[in-house]
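Across the two complexes that follow, chain A remains constant while its partner is chain B and subsequently chain C.
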Partner chain A sequence: MTVQELVSQLELTVFHLEDGGRAVTGGGYCGDLLSWVMGKAPADGVWMTIMSNVNVAAVAALTDLACVILTESVAPDDPLLRKAELQGINLLGSSLSTYECAVKLSAALGG
Partner chain B sequence: MKDYRFDFHLHSCLSPCGSEDMTPANITAMCALAGYDIIALTDHNTVGNCAAFCEAAKQWDLLALPGMELTCVEEVHVVCLFPDLEHAIPFGDYVRRHLPPMDNDPRFFGPQLLMDSRDQLLGEETAMLAGATDIGIYEVAALVRDYGGLAYPAHIDRDSFSVLSNLGLWDSEMGFSLAEISSRCPPELLQRPDLAGLRFVTGCDAHYLDQISDPKQSMNLSEKSINAVFHWLINSQSSG
Partner chain C sequence: MESLRLTFQVAGGDLTHAGEASSQVKQTLRKMGYDSDTIRRVSVCMYEGEINMVIHANGGTATVDVGLDDITITLADVGPGIPDVEQAMQAGFTTAGDQVRDLGFGAGMGLPNMKKYSDEMNIESTVGVGTTVTMVVRIP
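Entry: the complex of A and B
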């Protein structure tokens, strides 16, 4: 499944889509403490978080995630949006809770 | 007694997110121009540029405190201030042993530049200063006191890296009697019942030279000395 297909299936908001054709092969990770995400998020995976500050982009780039989904209708602050554009991070949003979003992601990725 | 203008939350080019223009020489010059009397350097999880900062402050007649902005395991930022380098450096060594076991990647987090007081580059810090230590927020007040310093949570009004955002409430059991607020803190926030009795200082949290703003606060001291500053921080009833 590609990031673009994920956007359609999970009805995600697009804050910045750099590479919609990128494959999502790493599964998902949920968490808000960046130091945990840094060490645990899987490459080519999807990170679901309510964090919306500029460090989210750095962590996503460091862990080579396929995309980030800001859950609970959280919107990125301006520095994060700029950094996502600069570093080519696929930055998406969902109105669902992190749990509900993860459940839908799991179904979309084949359980 | 005299009022002294102060700010105790400044980052140098050693902080991964700090501008490369934030050399100790530039920061102290900018603070002198802006009219400060007493300042502290608080880089993320390091005191590595404090010696240069304190040295550079001398030529401007600024009273300079070595400090650190510690990142707790809860990803809460805490300002830690020390009376001198002799107290700050051992604490810096302690924190170094509690950093995540990975190197900084300057591509994502930025360079971490060690400088002397005359704008000469001494080297780059390779440890990962952008991460969180494994020191818990409930340990910090006593830990810093044991090292001869004083600690208080940073920018509690912000929605990231703050006590209120990450823990949801202020717990007096943490042992802090002071809290830092940002200059944009809405006044009504300070009316929260859990903040009752707490004293506040403002920190500019400058990462760039143009973020060193005009002084927002002052402390009324009998003399411009480290002892008087710590006495004020520990005992003053209002932030003046």
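Entry: the complex of A and C
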């Protein structure tokens, strides 16, 4: 499944889409504490979080995530949006809770 | 191949630019053709160390020595030092304040991550003098 397909299936908001054709092969990770995410987020995976500050971009880039989904209708702050554009991070949003979003992601990725 | 040395001055307190040295190292290693697992490990070690210098030590110097067999990351600061290194290494231990916690830091997982993702790690710290963290990531 590609990031673009994920956007359609999960009805995600697009804050920045750099590479819609990127494959999502790493599964997902939910968390808001950056060191946990840094240590555990899978490469080519999807990170679901309510954190919306600029440091999200650094973590996403360094862990090679396919995309980040800000859940609970959270919007990125301006520095995060700019950094996502600059670093080419696929930054998306969902009105769902992190749990509901993860359930839908799991179904979309085939269980 | 001769070993390559990358050096970065990391500014203290500035969390908007924190992680830039780590990003640059990652890009350099990628261009040099290192495997993604090695790059991931170096990235985690370097980022956690870089952030610690920003948050806990008012900045410092990061040096990365890229060799044929291993990559050595050295993070040196003249910050407050760590009174009890063994305690600091424990998962969940933190002295981070509310401001940085609000940004998602302060889980007390940085040093444990550095230990987990490096092959060798050494911390030299003296209270009132500073801290030097050295990590070696071996290339498979």
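Basically, the second predicted complex is superposed on the first by the 111 of 111 C-alpha atoms of A that agree within 3 Å, B and C clash if a C-alpha of one lies under 4 Å from a C-alpha of the other, contacts with A are read in each partner's own complex, and residues count from 1 in each chain.
One rule holds for everything that comes next: contacts are C-beta pairs under 8 Å (C-beta built on N, C-alpha and C of every residue); 3 or more make two chains touch, one makes a residue touch a chain.
Owing to the predicted nature of the structure, the values given are computational and were not obtained by experimental measurement.
Considered on the superposed chain A, chain B and chain C are sterically incompatible, since they clash.
Touch criterion not met for A:Ser73: it reaches neither chain B nor chain C.
Once the two structures are superposed, chain B and chain C can be ranked by residues of chain A touched, with C on top.
In the superposition on chain A, contact of A:Thr25 is made with neither chain B nor chain C. Applying the stated contact rule after C-alpha superposition, one finds that A:Ser106 touches neither chain B nor chain C. Once the two complexes are laid over each other on the shared chain, residue contacts for A:Leu33 go to chain B and to chain C alike. By the touch criterion defined above, A:Ser8 lies against neither chain B nor chain C after alignment on the C-alpha atoms of chain A.
In the superposition on chain A, A:Ser95 makes contact with neither chain B nor chain C. The superposed model built on chain A shows that, among 58-66, 94-102 or 220-228, the segment of chain B colliding with chain C is 94-102.
Shared contact residues on chain A (touching chain B in one structure, chain C in the other): 33-35, 38-39, 51, 53, 55, 58, 61-62, 87. The touching residues of chain A, when paired with chain C in their complex, are 32-36, 38-39, 43, 51, 53-56, 58-59, 61-64, 79, 87. Put simply, chain B touches chain A in their complex at residues 71, 73-75, 100, 102, 105, 107-109, 130-132, 159-161, 166. Here chain C touches chain A in the complex through residues 15-16, 18-20, 22-23, 26, 36, 40, 43-44, 47-48, 103-110, 112-113, 116-117, going by the rule given at the top. By the touch rule above, chain A contacts chain B in their complex via residues 33-35, 38-39, 51-53, 55, 58, 61-62, 87.
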